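Note that the chains are named A, B, C, D, E and F in the order they appear, and that numbering of residues resets to 1 at the start of each chain.
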């Protein structure tokens, strides 16, 4: 328990400490040390509590009461701050304050209820939440380290320089790291709270932080996107609050404790679970709610990495995974899976259209979360196993990719994938990190493959509605193809040999290097040692759920040779370049084939009108074939219908 | 088969107006070419309609070989005019798609602009013998 | 069944003997008019050089003074002008192509003949 | 935003001849296609200064190895006009026979290359197999497989005896049967249609305005076949120009397919009506004088010969405007907005003749 | 994992290329005969590769060789898993990795035709991956396992239950074998708009690696095809799958090359129509 | 005997030929002559080719192209010039844009005369080139061994 308190309070204090520094250098050093400390603390937690059975903590009566009041006031404060921020809204954004007020009303209705359920054990800890904490602490910490240098550059040049300087005064810059730390504290809160009201408070804090961070640069675009994020997250908030109202005043289940909600099973808990799931869907940017995540890409890259790849969106799926036992074997669960599936399919396709590295990452993030949601909706041990592994792999690999994309943008001055041509030759280390990230994202034997393997197997054996499983499997089958396309073409750009010598470039800053290489190492380790992760964290968690009879016993698990073969492939993928490096072949170099029109061994040719032209190759975006607008519309409509259906089936049961 | 198609001489300033007239009458550009003479270039253009071909000739002086472009009237003229440019050294103001002398790159530059020396008879055997 | 005709054709082809002429192993009989290469018999030649004059590529070089006649097969375009021009019938048309050469030695192909022919 | 920039040619397996296109692609859509020529330019018009007017017939024949005969025919008829002589009727008929044989062989050759351009290898092989039979006839009657060498100023150099005529007629009938099967395949194959229908559209107005000739303009619904001028024996034969309306690649293929059948028919007519008599009139001692513009129809369309002479052995000016040259502007027009995979198909459906084009 | 399985797997590693080369040789002879040509000797593919090793290798970047080795390695792994009786899904993933590495090798050269070739290859992968993935899924629904050894031990009539999937597989087999109408990215024949597509900038031993990889691929694909009929016993299954395999030669010779967009659309339609429908029916009635 | 003689892949380039020789060369690939019997494949790509078949003479534009293509062919390789034009310029030898035969720019191993060169002659020429290639392949092997040693 003290550790949990530490984890929640430490970043909070850290944030305050950062806020109080005046000197930039001092502040940067402080951030570095605090981030290391945070990572260390979570590692300590993990060391102490791996393979742990769920543990619940009680607080003293007085403390609970005090915290109750504190969080209630805090909640109101957050809402009020947001209301205050709403003075900047424009036009159609009037719905934001309305939602805020509704949510505040609902919460007050819950909290001031005459006889509300008593929460005996407000905090808990199980191996899954430890794993989440590890992700938040380590990856969040690394992202903070990356941000130190990145924000330095961000303000030193580029649009950051022009815009942030005018719109964001020094105070705002200081608050940046404060907000990061507050956000991490809230994440820990979400991960460890068993008290749904407290959880909701932390939830609100993350909403606030994301709004603030997205709008950070203060440009109109950033502010608008901030409000979009806020608005959509508030929909989730209202839905969450609705669930709380149901749990407080509704018939049947009467509890404020998460574990009891889960344990109540689908018969009793489906309605609140569905409502909370909607909140989870908004936070994890699933299809009808996905637009905020794309808009949020205007934020500085570390923010994107932190909020939108590795942590914030994970809060959404974290909650969904927690609720999975409730969804197991229900129509609502199947529909939830279908929402995830539709999101996966549509966003995978759209990602092909994207030029900007960040947008590709954003779409693939949504797609991957969709995959996780698919797993959650089915809610068997195998799919949960897959979902959690996906969370882990996605968190490390995506954080790595985001940071690498940001660093690349700073170093070579372009965020388009097209600009990254020849990165392997121009910036080998950076390119290696990026390649590891990409491989981790989709390629056998790395991360996603495993999870896809498990999900496919699980889907085909799903029993709610036999067709549903096939449908989901088919979605994966069709969704994987575009994934393969856009990742491969990105890799293709990275490995392409540059056409002319590149000018000497800036050195890779140390902070960014540390973050990138640690993440690259983590990605590799996660892939290589995933059985260990499984054994340490996932298996105990699913095991305890099975033990409690919440989900059926483990069905077909991965056979050992499959894992062995995967490891062998992984080893091969690493050994081959090393062998190659040790004994490089001695081949004569020549220029590419240019129909015989080459000019002196370069990449230019003698073209029409006597001009010497350099060839150019652009990867394919298939904009004529895959129409982003149309797909988005289909996705929104389809997922909207599914969402409504899900809520209906939830209610009808 | 002799068609008795006419060859008419034009003044240079009628060059474009004739083209415009033929274009509006539904004629089609058949070809343009040149012949080098001692003190001028003869430029020829052929239009046709319903299998009837009419040919016009104009002269441009060697020291000021400038020919207004027809490519705005007959888009297809750009190939012929570029050719005239490269082979005869004619300047063609107003060319829509100007290859800048790179339409036909040749070993001997502006090969057709030289004095027309008609050799008496074919190459003689003795000369050939020396060369071989 | 729009792919039917092509499928029939292709299968029929596969069943039948290939149309291939197994060239170096089996050689077909040339037509009477086949232009293979220009053959020369010195016997009647009186070195009038008509052939050389008529040759558009100057492949033939003949000299009345030295009584020599030479042909460069790398230049000959088989136009038959020389054959038509020669009143002595020294030049004939062979239906075999002149074999490929490893060196284009112009002098080497100029075969000089002494006046009483060999 | 940068586009893909690809040098298409001069050496490119889809093009048997060197021509270059600077292609600018967006994905695979052609944003811009700039042609560049000159890879085959020899400068043979100026060879008229070196070769006398009879020898020039052999140079003219080598303007191109595919329509070789028609080039020599055009040249010779032009000179005949300047000399004021006319080839005897038998020569005119045999010239027509050879010209049409050359058209069949050229179209079959094109058919094969076009099939190859959209990856239909067996069709390529089949059409060249049939073409080889035509080439055999050509070889038997002229002695050459590609360069006929039978046309001369004043007539032709070689006659056909009755036996040969009979044999040729018989063999052509057999070949035509084989050809009909091939044409059916080409017309009906769904994948061929996929690749050609609606591709490379050229409206009649555009075709006319851009000066397209030959099958290209006829496929756009405009009747223009220079053979209608009635040179050689064409004035005396029964035939009508072949026209299609669609203006796409398929229509251009169709025009050529039908023209092959028409040529078979024209040859049969010629051989049936073959007049007897001399095969040449002597041009001895005559010298060309004056100027002439002679036009005739090659497999690829109208070719123009312009000749100017002043009574000497050598022409003063010799000029050839070949069909491909006229079709370049329409080609550039059609390429814009097509797809990379369509480029070879469109290029081949104008059946480019770089060799004659650049002379 | 019986000794027999291990023997088979190692036999694949060593003899696989040989068998694949013979298949390729037969293919070339058959193609030639269909075009009424005489065609090359049966061992021609082997001569070609041995010749390529005799030649110098020109590279644009030395890294391209690395990716090609990766391509070959993963191709071999994929086949190894298959013939070991291992996990079909895993074999498929290895196949995909190998395909991607081949594309990377071509991308690495950064020359226009190679690049377009690999972009097209990726599109083809996008076209056939869904169907290829459905095959193991179908087997799973029928036999309850992704393992090849279990599939072979299945019921003889499973090929009937998997009829639609078989059709879909035969369809994408055309793509995988780089046959007309789907030889968009590179073709075994000359003369196409992409020069040699993917392989344009490989030469000498690099190109030989690609060829050997394709031989492996031939055998792997034949193996996949065989799986459908495997429960019938070798005596039936092998001839049937060989006939179907060479049926592709007929297809190759009766079609023009399609463009990428129709290819993608068509193969997804076929996947949906045959593959997915079959899956749905299986899950409804199984 | 080295394998190169069993699998000679060709590259064809029409320098400034009149097409006559080109179509005869193409005819070699088609059913009646089918040079695939000898393992010959028309690659259309210098990087895959062993024998460079050039038709037509060299002019201003094609000079560079022929050089480039030759340079992009990996050793061992051979060049066969086909037709009078490629040998010497043929009838166009006097034209103002013609430099002469192919050997003006790259070393030629076999000269196939004719206008147009017949398919049979082309096949003979390629067969001659095979002997040369065989020699070169062996030489190359020796060189490589020496480098390795």
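Structure notes:
In this text, a residue touches a chain if its C-beta (ideal position, glycine included) is under 8 Å from a C-beta of that chain, and two chains touch if they have at least 3 such contacts.
A quick note: this is a predicted structure, and the numbers were derived from the prediction, not measured.
Looking at chain D and chain E, the chains that touch each of them are A, C, F. Two chain pairs are in question, A-D and D-F; the one with more C-beta pairs in contact is D-F.
With every chain reduced to the mean of its CA atoms, the largest distance from chain A is reached by C.
One simple way to say how far apart two chains are is to compare their mean CA positions; for chain B and chain E this gives 58 Å. For the pair chain B and chain F, the distance between C-alpha centroids works out to 38 Å. Rounded to a whole number, the gap between the C-alpha centres of chain C and chain F is 21 angstrom.
The set of chain F residues that touch two or more partner chains comprises 13, 30-32, 34, 37, 42-47, 59-61, 65, 69, 72, 74, 90-91, 94, 96-98, 115, 118.
Counting partner chains per residue, chain A shows two or more touched chains at residues 588, 590-591, 593-597, 608-609, 615-617, 620, 622, 624.
Counting partner chains per residue, chain D has residues 4-7, 10-14, 28, 36, 38, 41, 43, 46, 50-51, 55, 58-59, 62, 122-126, 129, 132, 144, 147, 189 touching two or more of them. On the side of chain C, the complex with chain E involves touching residues 3, 6-7, 10-11, 13-14, 16, 18-20, 22.
Chain F contributes residues 59-61, 94, 96-99 to its touches with chain B in the complex. Contact residues of chain D toward chain B in the complex are 36-38, 41, 43, 45-46, 49-52, 55, 77, 81, 208-211, 224, 226, 228-231, 235, 291-293, 295, 302, 304, 306, 308, 312-314, 316-317, 319, 321, 325-326, 328-330, 358. For chain E in complex with chain C, the residues that touch the partner chain are 30, 32-39, 250, 253-255. The touching residues of chain E, when paired with chain F in their complex, are 28, 32, 35-41, 44, 47-48, 50-51, 54-58, 190-191, 195-196, 199-204, 207.
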